[in-house]
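Below you'll find a set of structures to go through.
There are two complexes below, and they share chain A, which is joined by chain B in the first and by chain C in the second.
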Partner chain A sequence: MPPVNSDGAGPSSGEDGSAAAVKKRNRPKYHRFTQQELQACKPILIPQTVILVLVFVGLIFIPIGLACIAASNKVVELVDRYDTKCVPRNMLRNKVAFIQNSSIDKTCTRVFKVPKDMKKPIYIYYQLDKFYQNHRRYVKSLNDMQLRNPKKVADTQYCSPEATANGRPIVPCGLIAWSLFNDTYSFTRGHGNETLRVNKDGISWKSERNRRFGKNVYPKNFQNGTLIGGGQLNPSKPLSEQEDLIVWMRIAALPTFRKLYGRIDMDLQAGDRVEVTMQNNYNSYSFNGKKSLVLSTAGWLGGKNAFLGRAYAIVGLACFLLALLLALLYFVFPMREEHLSLHYTPARLVR
Partner chain B sequence: MMFLINQYRQNGKIKPNQALVVFLTTICAYSDEKSEIEELSMVALSGCIWLQAFVVTLDTNSFTYPQIILIWGNFIAFYMINLIVSAVPTLQMYTIMFRLCSQPSYWITMGLIVAVGMGPVLALRYFRNMFRPNAINILQQIEQSNGHTHTTRNMESRIISAGSYLTHLLADSRRNRGATYQPLLSDSVASDG
Partner chain C sequence: IEIEEQYPLSPQQILLRDSKLRNTEYVYGVVIFTGHDTKVMQNAMKAPSKRSKIERKMDRIIYLLLSALVLISVIGSVFFGITTRDDLQDGRPKRWYLRPDDSTIYFKPTKAAISAILHFFTAMMLYGNFIPISLYISIEIVKLLQALFINQDIHMYHEETDTPAHARTSNLNEELGQVDTILTDKTGTLTCNSMEFIKCSIAGTAYGRGITEVERAMAKRKGSPLIADMASNTQGSQAAIKGFNFTDERVMNGNWVSQPHSGVIQMFLRLLAVCHTCIPEVDEESGTISYEAESPDEAAFVVAARELGFTFYQRTQTGVFLHELDPSSGKQVDRSYKLLHVLEFNSARKRMSVIVRNEEGKIFLFSKGADSVMFERLSSSDCAYREVTQDHINEYADAGLRTLVLAYRQLDEAEYANFDRKFTAAKNSVSADRDEMIEEAADLLERKLILLGATAVEFGHALRQFSVRSTGVGVSARRDARDLHLPPPSQSHSHSQTTST
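Here is the complex of A and B:
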């Protein structure tokens, strides 16, 4: 049927037909996504929902908190700070001179009294305070290629000021390796009649022994400079087997840190007397740091960590209290129908 | 690490107090002093990712499947990418994520960060919606009420009045703003009136 307003039937009808055809071809395909007609969930906060959620969170958090607190309490941890006690009384005013004098015997004996049964494995840690391993220049002072690849021993880039000694490259180079911790500990039980063997196998990460430290890279020219920063290394063992070095070179995040020294694979009973003979070699006196020896068992949560358990219990309790508060508000001040209405002037409505 | 958290805060999704929650919870939870620097950084970053997902969820008023896919897909992609990066031997990140994910304390710390970071925000939002609602809150409640078939006659008349008022209010807003301004839910309100 021709349009009502058209003057000539033939030409106008033809044009309208082609225009209509063009329109239909350009029409976008219908889809619920493009037309914004997707099924939508529009939640709002109503008292019943919020109260239920809070009670639910409380019911979850309080048991977790109590479980964490119990796990933390089960861990037995013995800490002995020895940096001051292991200095002879006549040198207490000049500890740096004591530690730097190689002719003075550094042997020291400390005694632990075991308060509770400790199940194996018992982990031995050394703890340092005020040692900022996360200092940027310290962190950067190593060369990963040198640690891994025996052909790159001369690659001492980034390692200054411990890159070379006497004109030859240091392996392993850098401040981190140079400052290797070198106190040693041996343990006996009772009055010196039973030696507790310290197992030092596997104290580092397997990924580091396999990948980061080469099995054909040997220490060379290490601690041969004018300044001695820490422990010596066995030049006949490859770096991948120097587990003390590998543990030390894992950078600690905080200035107070513990690192694994070894494990005792025997149980200790309550009341046992453990005697520690240590070599107090490491100089923590120049920077007024502290040194401690830690014996600890481990639970499923790791070591002793009361923070998580307490925080969970407190949050769970707070959720319960908040739910109670909301319930009281809901019953004391119920939401009536008139609260949904708005107070407005008739003039505005008229306009 | 504070730089990292600050970067996330500047994206606008994590508030300063939430950044503080992430930092303090990470430090306290991992203060057993055996943590390496990469571990601590990754715990803090994970906390930011978790908080971001929940904050965006809370700010969303209407959920269709693209919203859900994008919010939690971002969350899942974070873990997938980090597990992939943790599998590259030459990086410092090598095996960090595998080791963290196998520790119960990591997941417990994440739950704590989310609860402490989101709890106050959620409570404040609820109290504001309940006792000092703005126009959007009222519109949402009206739309929810329209879905119920058992509305009383009194409620109906009040809703119609409120809808009529809001139509005028939004019309005024439309006049004051540019032509491109699209009033929220005005069609449904007009249809109610």
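Here is the complex of A and C:
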């Protein structure tokens, strides 16, 4: 016989059921958003769909990669490392003494052989290795207000130790300007009979010439300290026209970098002999760095760089291989019917 | 000599926490069992802060990122120290463009260790963006919107009680639905805590034409659709009253007056309306009466009596008040009964009795209880419909209903005075065998009862409302040993565990 009273039963209300039908004030109103019944896209990944998507991605990526590689291969690039070869043979063991001795002639002559036709414009770069322009002390050592505003000449707050010289502020101040690159290059074609003019206009960014460097700010007291780090500046030209300085003060993110020196607005033919007369002034021997001169043309993707093309090609090839692998697995282990149906096994009622 | 009246102090007079005091004009306050050694004080502790799985996983991710940040900073600082020391060799600078000969403490080659330590803190600040602190804010916003969706969910709205879902805090939104097994000790526990008066047997006549769930299921299995259709037609005709599923034209709407045993029926309904501990609550606006009861079957009995003409509408400390249908005049008559004693139900006695005095001064003992204990207390002289009632009780039990036997007796003044003296003395005693003395005094009175009939109450089965297939929740219940008259099993049938937060 079942028990008469259920154990632990709380108070029970014997209220009329008809009265409850009237008040439905607390019932939530129906809306498709609040009931989370809006339309939604829920893709089901079946082998056919996945294989097709992978093949499609491969078909798109491989042509892009090949086009990028071809564009990079069209670029003609000549690189010449000259820091060791421009040191006299008797001072090879003491290069620092050579570069720091101002009485020694630093002139050096290098020869380029042009392997293929180079269409104008031909860009001239200098390349430095193991030069850490991204060091925190180096990066912080400048004052943007001083570069921009002639009234802020005395703002040398972050420029130490190159903030003042002989008690007067340096314009432009800081380690970056102080260590300005000062090698120079001049070019002739043939055997000294034709000079290739180097165009140095517009080698810096237009936004930096217009906004970052002031038109009325002139170099003052520059390289007047006990130590001279780099090149001199023309005191009669404003900073916005000193494009070598502007190029140098766009800080490189990595220790190996190239910076634009100028342009040659003439075509070079295959087999041409280009003779470079350079002034080897910059000290790269203390920190065991390298100096190189680069002549390069430019394609629609920029300079000679195959990384992007190779990345696209590799990803496309990987997609093709994955599609092939999935197709083989699909044929070797075909899917059964229960894999495709979505149902759940109900829990058994244990008694 | 004036004898001082004594009142018994029993657990009934103790007001525990969250108790409500009703029908009481004044109380004497006695403070007992207080202090920090009591169980309620020892159980009072600070509630632990609940953290969900997502937050714990997020904590682990952030600790991992913090470790990576510290590792990167340490390695970077070590290399920074090494290269800073190498910047000055024999007084000659290597990286001359950094001016290592004229340097602050942050970049001084001669004190490279201090520079490395300071660089560690600089690196920690520079790389601090590794730690996604705003992730906590984003997760909190997502949970807030999720709680709003929970509050607006129509599927979580309960129609019967007009209660929507209410997420009081959004801490544990994603822990919803973690229950996978419900463990009970017997199947009777899985009810809706509601009972319906469906059948009764009065003076050997069975009343009530309702069909129970068990009968409907058996009818479907046997393949007789007539009973199922009849039940559905009957239920649709009348308005549903909670706790009352009784249909019989012979006794409803006052028709019991013309039945052959109308006197027994009148006493039966009066017993249903008096023998309980319910408290009525009258709605001020509509005037309807609802009942607060200790158990749902008591409420079902009082509702049944009300529907059949005996409305219980008021209770005081010493009295019970009814609207009764008078068979002689056919009108509602107000009657009151002085409540002398209540002999409570417990699992040992399996019965409950009240002793009342009506307006004419007669004393009655009304009793209801299980048939196993009630039939042995009946008077041996009245055997007219005893066996028929027993048959009805067996039929009701087979149909899945719970049954109670109703009986009464009239007491004379001398017998009641003797019982009152013994019962009050037993209640006022403070000895160890107080409960036994009370039971002995009550047992002497609950004898030679006159049988009235039996009631049948159906459980509202909550298992029917479970959709086990869709929720994936398994139910594991051990059948009550007393139901089968078997010795309790040596091992439990339940092996699964319930996950809880």
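Going forward, the second predicted complex is superposed on the first by the 307 of 351 C-alpha atoms of A that agree within 3 Å, B and C clash if a C-alpha of one lies under 4 Å from a C-alpha of the other, contacts with A are read in each partner's own complex, and residues count from 1 in each chain.
One rule holds for everything that comes next: contacts are C-beta pairs under 8 Å (C-beta built on N, C-alpha and C of every residue); 3 or more make two chains touch, one makes a residue touch a chain.
As the structure is a prediction and not an experimental result, all values here were calculated from the model.
K.L.:
Once the shared chain is lined up, is A:Gly167 touching chain B (first), chain C (second), both, or neither of them?
P.N.:
Neither partner.
K.L.:
Between chain B (first) and chain C (second), which does A:Gln127 come into contact with in this model arrangement: first, second, both, or neither?
P.N.:
The answer is first: A:Gln127 touches chain B but not chain C.
K.L.:
By the touch definition at the top of the document, which applies to A:Arg212: first (chain B), second (chain C), both, or neither?
P.N.:
So A:Arg212 only meets chain B here.
K.L.:
Applying the touch criterion given at the start, work out whether A:Asn283 contacts chain B, chain C, both or neither, answering first, second, both or neither.
P.N.:
second
K.L.:
Which partner does A:Tyr138 reach: the first (chain B), the second (chain C), both, or neither?
P.N.:
The second partner, chain C, only.
K.L.:
If we overlay the two complexes on their shared chain A, which of chain B and chain C does A:Ala311 touch? Say first, second, both or neither.
P.N.:
First partner only.
K.L.:
If you lay the two complexes on top of each other, which residues of chain A touch chain B in one and chain C in the other?
P.N.:
344, 348-349, 351
K.L.:
Going by the contact rule at the top, pick out the chain B residues touching chain A in the complex.
P.N.:
Per the touch definition, chain B meets chain A at residues 25, 27-37, 39-41, 61-66, 89-90, 94-95, 99, 103-105, 108-109, 111-112, 115-116, 119, 122-123, 125-126, 129-130, 137-138, 140-145, 152, 154-155, 158-159, 161-162, 164-166, 168.
K.L.:
In their shared complex, at which residues does chain A touch chain C?
P.N.:
Within the complex, chain A contacts chain C at residues 1-7, 9-20, 23-28, 30-31, 34-36, 96, 131-132, 135-138, 160-162, 175, 178-179, 227, 229, 283, 286-288, 344, 346-351.
K.L.:
Which stretch or stretches of chain C touch chain A in the complex?
P.N.:
Going by the criterion above, the answer is residues 92-99, 102-104, 106-107, 122, 149, 151-154, 157, 159-164, 180-181, 187-189, 191, 193-195, 239-243, 286, 288, 290-300, 302-303, 345, 347, 350, 369-372, 397, 402-404, 468-470, 472-477, 479-480, 482-483, 493-494, 496.
K.L.:
Of all residues in chain A, which touch chain B in the complex?
P.N.:
33, 38-45, 47, 50, 57, 61, 64, 68, 125, 127, 133-134, 139, 144, 205, 207, 211-212, 250-254, 256-260, 300-305, 307-308, 311-312, 315, 318-319, 322, 326, 335, 337-338, 340-342, 344, 348-349, 351
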